[in-house]
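Consider the two complexes below, in which chain A is the common component and chain B and chain C are the respective partners.
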Partner chain A sequence: MSQHTLELRKLIAEALPGLDVVLAWTSGFSPMTSTPLFIATDEDLDRLDFGPMHVQNLAAYLPSLKGRKVGIVTRGCDSRTIIELLQENLINRDEITIFGISCTGAINIRKVREAVGGEKLRSVETGKDIVSVTTDEGTHTVPLHNVLMDKCYSCQSQTPLIHDHMVTERTGCHLTGEAPESSLDRLDAMEPAARFAFWEESMDRCIRCYACRNACPLCVCKDSCVAQSRDPHWLDQSDTPREKLMFQAIHALHTAGRCTECGECERACPMGIPVLAMKQALNRRIKHLFDYQAGMDEESTPPLFMFRQQEEHIKERDAR
Partner chain B sequence: MPVLEGKELRIVGFLCNWCSYGGADTAGVGRFAQPTDLRVIKLPCTGRVNPLFVVRAFLNGADGVLVSGCHPGDCHYTAGNFYARRRLEVLRELLDVMGIQPERFHYTWVSASEGQKWKQVVSDFTARIHELGPATSFSSCAAVAVETGMKTAI
Partner chain C sequence: MSTVRFLKARDIAPWLEELSRDRTVLAPAQHGGTIVFCEFDPARGVELSQLSTTPAKRALLPPCETLFEYETTKTLEPPYKTHVELRPTLPQGKAVVFGARPCDARAMQIFDRVYNGEQVKDPYYTARRNNATIVTLACSEQDDTCFCDRVGGSPVDATGSDVLLTPLKAGYVAEALTPKGEELLQSTSFMKAEGLRQEALNARNRILEHVPERSSFLDMERNLLSLFGDLGFWDKTAEACLSCGACTYLCPTCYCFNITDETRGESGRRIRTWDNCMSSQFTLEGSGHNPRPTKAHRMRNRIGHKFSYYPQLHDKTLACVGCGRCVSNCPVSFDIRNAVACAIQQADAAREHAHD
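Let's look at the complex of A and B:
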């Protein structure tokens, strides 16, 4: 139990009487997993834990809890999601209480599994710069830097951009050395035909579970998602890469200019398909065209919800 | 079996009712000769063009997609084409990352009186698509993947 967990518990305990529920994390069914925790009573509070293993973006629950007094434990990247939801009036600022923590990076359990060569994991302990993994075969020590979530390498803020309470800031940067090559980098290096083939091969693995959509904090259409709509009939039921890729295009375009690259879609994917790459590509374009990043400023309007008569970075093109 | 089977490619055109559709009409009335690869779909406004229309067209086998509407500032609904311009610019990047050559997609502005310009747009775009040839479609691209050794790289 770290000092920070204790401090966080104390902060939440003080605020809990005025709140309906507080969103936080606890250990999951095994030492390698974490699960969201909904704190309503002091007993629930005793289960609270946080650290590099606690990866979910809790802001995904906020829109469905609109109208209730909700507290939420928030890292830097999650706070961008909260700001984006506020921008779109999907949540009310006066209903949420933000408990800020400073994050030292979140672990990608898939990378840990790869690092130990597929041996069966028994437990995972995290230290300052290392992760020690106990498997059936023995104990491995892996540098923390090698097993972080992709988003951590381009982390802009370890502490939330907005917060009501803050657990004492801790320093300790996880951003040492070079970031590993991302899926988008690999796609950029390909020829268009190879890229198309890559998606065909990746989408062939997709099982259409829609975990990417369900985990996405900005997919707020709930039961009205076009993926299940018969009228308009955007997707048919056939098990083809074409329909699956079409769904990813729908997801990417519906979150264009809104996506904060929290990476929940890719983390939730049981087949390990790099579905975040499309959204990153769109964000890169939007940054270039409109000098805009989602979830940075509560007052700004997402770029596709508005226009300028003279667009600075858009040039009229010739068909030739 | 159409006479031009094999010589023609499939190009889908999304045209706004007020300007470009009128422009295409003007070109027809003026009897300007144009390539016949383009299939026109009339929409009330380019603001109605969901970028996903374009993606769907490509995934369903289009070789090129053209979107055309009123000049910026001349929109019948005041602002439809301003929104469309932003969306379609962003779409370009999505097509690119999906592996659909962005050159296969073009958007432009043609008013109802610009019959000559419409002819030019259609001729130039059709020529460009013919230069690129038929688009890659699913299942025909497995060979490319093996060639580039991409499957092992990723």
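Let's look at the complex of A and C:
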């Protein structure tokens, strides 16, 4: 176990008596998977683990735990979600205790699978800059830089922007060189007709499980989602690409300027549909129009939460 | 004795093209990095290297099907009356499911007891069922998420199949198990191969030798039921669950549905779509009351239904075929094997405590 993890366990053990639960990670059914760990006892704490394979954004559970004393292990990206939730009054700062860790990057297992040509994975070992992948056919070495989650390439801070405790052990920067081509890059390069065909094909395989919505830490309409609402009747229940894409458009619009691009929607999708790209495209507009990035500053107000008579970057009068 | 033929790997696509002329052919294919059970398209080909992400169930229970179409008209006499015209839309035409796995095929018999039983016959389901021929591919090995052997199946189980394919070098030995299967094997795409019957059996036995010895989930229905009132256990079990539908929609045995009237103007259709017991709306009543208000209640239902309620109603057959899709595709890596094993352990401990 890494020094990192040991120190983290020690920090949590000290604070645990004053907390109802601490959110962390442990390995899933194989070391290539991770699952959120809800620590209430010392025995739970013994299962805690942290590394590049531990991927879930635990802040997604915070709104549902409102009213309880909750500790949460937090990387830089996750802290942006916490800040956004605080800005929207969806959680109370005095109820949460943040255990900060510096991140070494999170691995996207789909990219690992692609990097080895779809061969069946047996094990994945991460080194400092490389990932050693054993498949049915043999062992491959893949640069870590090629198989990270998309959010890692636009990482604002490896350490959390807010925290109460911090694991001091620092790990090296995982980002060297240019980011590999993202889904958004590929979509940007397409003509509108090709882009439409891409979404039509992708949405054709969508099973409407709404894992994207339920994994999203900022989808907080809970059980009153338009996806199943009959009144208003914005979506119909037929499983056509049109209806399914409509839901994605609504999700993206509802999170514009709020989404911290944590990528949980895309990671959770069992069908491998790159739904994060829509949110990234809208956030790019938000950045351009309002010079704003979600979850960076607890004191600021998200641009679509307020009204100014004259926006600095929207020249309505000039356009007339 | 049943017919045995040999199908070369390279003859699969031509055979499926031949079948596509007068039937719907469903087969696993690559779809943007995911293997999906979909209508056979020669341009896409078939992908048999790994278990498909989506199961074969859509052949019998499509994600969305029209039950009937309707049109309303206002009558002049007598005034204010609305006349409704209904048009039935029973599924028609034959279908072949190619490349189902033993777990997929076994799951179809789980549907049969519900939709084609003695008391209830669902006309839409039975029409599809009677018109479908299932060609199953025996698995060469189990994935780390597979557990068919723990729920009464096996990687080479032929239950629910019309044809069983056993992989041998450069192709597949095809054995007809039903008259529908016999009919399919008449195609000239197959080679005569009566002598390969024993070789296929040997190959399947070799696969079975690699199935590990491990505890079974059979006969636990009473045991699990005793845990019904222990909501603390289910709370702990379900705490990481996101309440999405990935597990149920990718499950080859989940068969629950929703019915919706989608109306546009004066006409519309009544559709039946997959529903998901992990969603809070699944049991939400018109009054606003919800008998399964938390994800703990819903997880108890999902596990209870598969491992306790269904087997109690249907000759101890579990409503889980151990394909592991719910495990490998869960965004939080929830492991139903672990949950059931813990539940059994907890129930045993509670019973021993009661005897103390």
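Assume the second predicted complex is superposed on the first by the 313 of 320 C-alpha atoms of A that agree within 3 Å, B and C clash if a C-alpha of one lies under 4 Å from a C-alpha of the other, contacts with A are read in each partner's own complex, and residues count from 1 in each chain.
Assume contacts are C-beta pairs under 8 Å (C-beta built on N, C-alpha and C of every residue); 3 or more make two chains touch, one makes a residue touch a chain.
Note that this is a predicted model, so its numbers are computed, not measured.
Residue contacts after overlaying the shared chain place A:253 against chain B, while chain C stays out of touching range. Contact with chain C, but none with chain B, is seen for A:210 once the two complexes are overlaid on the shared chain. By the touch criterion stated above, A:93 is placed in contact with neither chain B nor chain C. Of the two partner chains placed by the overlay, only chain B lies in contact with A:304; chain C stays clear of it.
In the superposed model, A:114 makes contact with chain C only, not with chain B. In the superposition on chain A, A:287 contacts neither chain B nor chain C. Once the two complexes are laid over each other on the shared chain, residue contacts for A:194 go to chain B alone; chain C is not touched.
In the superposition on chain A, A:68 makes contact with neither chain B nor chain C. Overlap of the chain B and chain C interfaces on chain A: residues 201.
Residues of chain B that touch chain A in their complex: 51-52, 55-56, 59-60, 66, 72-73, 79, 82-83, 85-87, 89-94, 96-101, 106, 108-109, 120-121, 124-125, 127-128, 136, 138-139, 141-142, 144-145, 148, 150-151, 153-154. Interface residues of chain A, counted against chain C in their complex, comprise 28-30, 33-38, 56, 60, 110, 113-114, 118, 120, 201-202, 204-205, 207-211, 213-215, 223, 228, 236-239, 264, 267-268, 270-273. Within the complex formed with chain A, the residues of chain C that make contact are 31-34, 36, 38, 49-50, 53-54, 63-64, 143-145, 236, 239-240, 242-246, 248-250, 258, 260, 262, 271, 273-274, 276, 279-281, 284, 327, 329, 331-335, 337-338. Looking at the complex, you find that chain A touches chain B at residues 183-184, 186-187, 190-201, 234, 240-242, 245-246, 249-250, 252-253, 256-257, 277-278, 281-282, 284-286, 289-290, 303-304, 307-309, 311, 314, 316-320.
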